[in-house]
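After this come two complexes, each holding chain A, first together with chain B and then together with chain C.
Presenting the complex of A and B:
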């Protein structure tokens, strides 16, 4: 149901102008998923201008916290733009080990969600408001997966 | 399905242009080549064209307005360009203020400004919808009543209702240029982007004036009247949706 609402939401979105273009990499393990979100270079530069206050082209601990507080944790109201569905049940999403750093001038957010697909499951990354466009770059999985992706979101069917 | 593909394509183009502009600025920093200035300004123009292609409140407002009120192509063209100019000026001025005075709280202030501008824009849109409803009802009850043609003042109000919300695309490019120290290039890119957006917006405006004229000429009176109310309802609904 939530996937349906998100897809409909995307179709009805009044703004097809994503602010952030995020390249995503997933690693699906037996009991967790490791997510990597890499922001586009242009926006990384803008974000670093704001959050890298000592101008060392890195995010130190305080800068990282400020950045995550402004651009990651507020996504909680939208389930962190994730859908984890086991069977017909939506799973609770609680990101762990959240880190932000800079790689090749691009800001990267890394985090883990606990998830054991003991039955056929769906894993999606989608922002119904289109504020961020997520592109799946790479996925590694210990389970069989089927991928459905567009230029702004993606879903994986995971079969244990 | 078609819409999904169309939306995906627009977003893919925006991503490519975003990447091309970033690369061009890096090349400019490395070589200081004059040709790169031209390339960046041209890329910003294409970005404007594509940026305005996607669904947005501006095209919806302008198309609904001309569907209900009607106008000639020149007026539609003028309204569309005026909207994109205000959209760009709004972005330019807000970016300059954020860059100069709020360097470490840009995100927070941008969100705050954007939310409030959207609310202001929503109020204008609701007022325009009510004005169009008044004119339509008056026309029905009083056969002698002829709606006034859109003058410069009306067009300005229409353009203000759309353009007051700062364009995030323009803001990103201008801020990016400013950070790298290319102030003039940032402004030139914003102007170029505004031209691109103006062209796309004017297509929406002209199409809707042509639709209205074609319905009037063919005397599909009932369909024409229905479309007028649909246009007003769309405008009103859009205003309320943004406001809440």
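Presenting the complex of A and C:
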């Protein structure tokens, strides 16, 4: 039975898209943005089933690395689902201090991007490949912001 | 049993796809200004900003190419003649296109 389910699951994986609902919190500081991505409860359960190999409901160092290697760093090809535009120019996106942990049974990714909006700028968290939905839960900013959000993504106009 | 349930949920998750959105495009040409205004309406307007567009003449020659801006309902670009067609495409996935015939 177990083998049957694995075969079915593997077969379906060839045809289907993975997807995640991610609650997002941003803190925009003068020279950086701190991002917090909290995965939904169901996907967190499934991901912990896969990556929490010692079943302690936490991600230890090795489990955290395996998780980030599978579900965060591959997003580099899609600019980590971020758009940072200063004026009309796209900024290079390089996440720093990337961490993953578990809070209230939900997986959370924390990271920082360097960004100094010296002119009107745009900050978006959006998956152009349509696999993930990002919901803006909270934003703190040292600059004036204008928010445009849907159930799937959000953009902030940042005015220094 | 718990593992079986999780496996079933995993299979269900692979089938489901919650992220869908609408795109409604309008193209108009201003003969006096020699400019084209492209409006993009969507239930997720941010998605409009992920797209670039080609304006083409009747021979399918590209007249101009531009990006649709984030956080704007429309954009205007200079164009020396009235385009016959617009191809609106995802920058990340250029094969993902919308085509608008300009009337």
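Basically, the second predicted complex is superposed on the first by the 142 of 160 C-alpha atoms of A that agree within 3 Å, B and C clash if a C-alpha of one lies under 4 Å from a C-alpha of the other, contacts with A are read in each partner's own complex, and residues count from 1 in each chain.
The criterion applied here is as follows: a contact is a pair of C-beta atoms (placed from the backbone, for glycine too) under 8 Å apart; a residue touches a chain by one contact, two chains touch by 3 or more.
Being a predicted model, the structure only gives us computed values, none of them experimental.
Visitor: Given the touch rule stated above, what does A:155 touch, chain B (first), chain C (second), both, or neither?
Guide: After superposition on chain A, A:155 lies in contact with chain C alone.
Visitor: Quick check for you: in the superposed arrangement, does A:19 touch first (chain B), second (chain C), both or neither?
Guide: It touches chain B and chain C both.
Visitor: Regarding the shared-chain residue A:121, is it in contact with chain B (first), chain C (second), both, or neither?
Guide: So A:121 meets neither chain B nor chain C here.
Visitor: Is A:78 touching the first partner chain B, the second partner chain C, both, or neither of them?
Guide: A:78: touches chain C, not chain B.
Visitor: On the A-aligned overlay, A:53 touches which partner chain: chain B = first, chain C = second, or both, or neither?
Guide: First partner only.
Visitor: Spot which of chain B and chain C makes contact with more residues of chain A, would you?
Guide: C
Visitor: Applying the touch criterion given at the start, work out whether A:113 contacts chain B, chain C, both or neither, answering first, second, both or neither.
Guide: Touch status of A:113: no partner.
Visitor: Just to be sure I read the superposition right, which of the two partners does A:43 touch: chain B = first, chain C = second, or both, or neither?
Guide: Both chain B and chain C are touched by A:43.
Visitor: Once the shared chain is lined up, is A:133 touching chain B (first), chain C (second), both, or neither of them?
Guide: Both: A:133 reaches chain B and chain C.
Visitor: Identify the residues of chain A that lie in both the chain B contact region and the chain C contact region.
Guide: In chain A, positions 13, 16-19, 21, 42-43, 45-46, 49, 130, 133, 150-152 sit in both the chain B and chain C interfaces.
Visitor: Quick one: which bits of chain B touch chain A in the complex? Just the residue numbers, please.
Guide: Going through chain B, the ones touching chain A are 3-4, 7-12, 14-15, 18-19, 21-22, 51, 53-57, 60, 103-108, 168-169, 172, 175-176, 179, 238, 241-242.
Visitor: What residues on chain A touch chain C, complex-wise?
Guide: My answer: residues 1-2, 5-6, 8-9, 12-13, 16-19, 21, 42-43, 45-46, 49, 78, 83, 85, 122, 124, 126-133, 146, 148-155, 157.
Visitor: Once bound in the complex, which stretches of chain C touch chain A?
Guide: 3-4, 6-11, 13-21, 43-47, 49-50, 70-71, 90-93
Visitor: Where on chain A does chain B make contact in their complex?
Guide: Listed in rising order, the residues of chain A that touch chain B are 10-11, 13-19, 21, 40-43, 45-47, 49-51, 53, 70-71, 130, 133, 135, 150-152.
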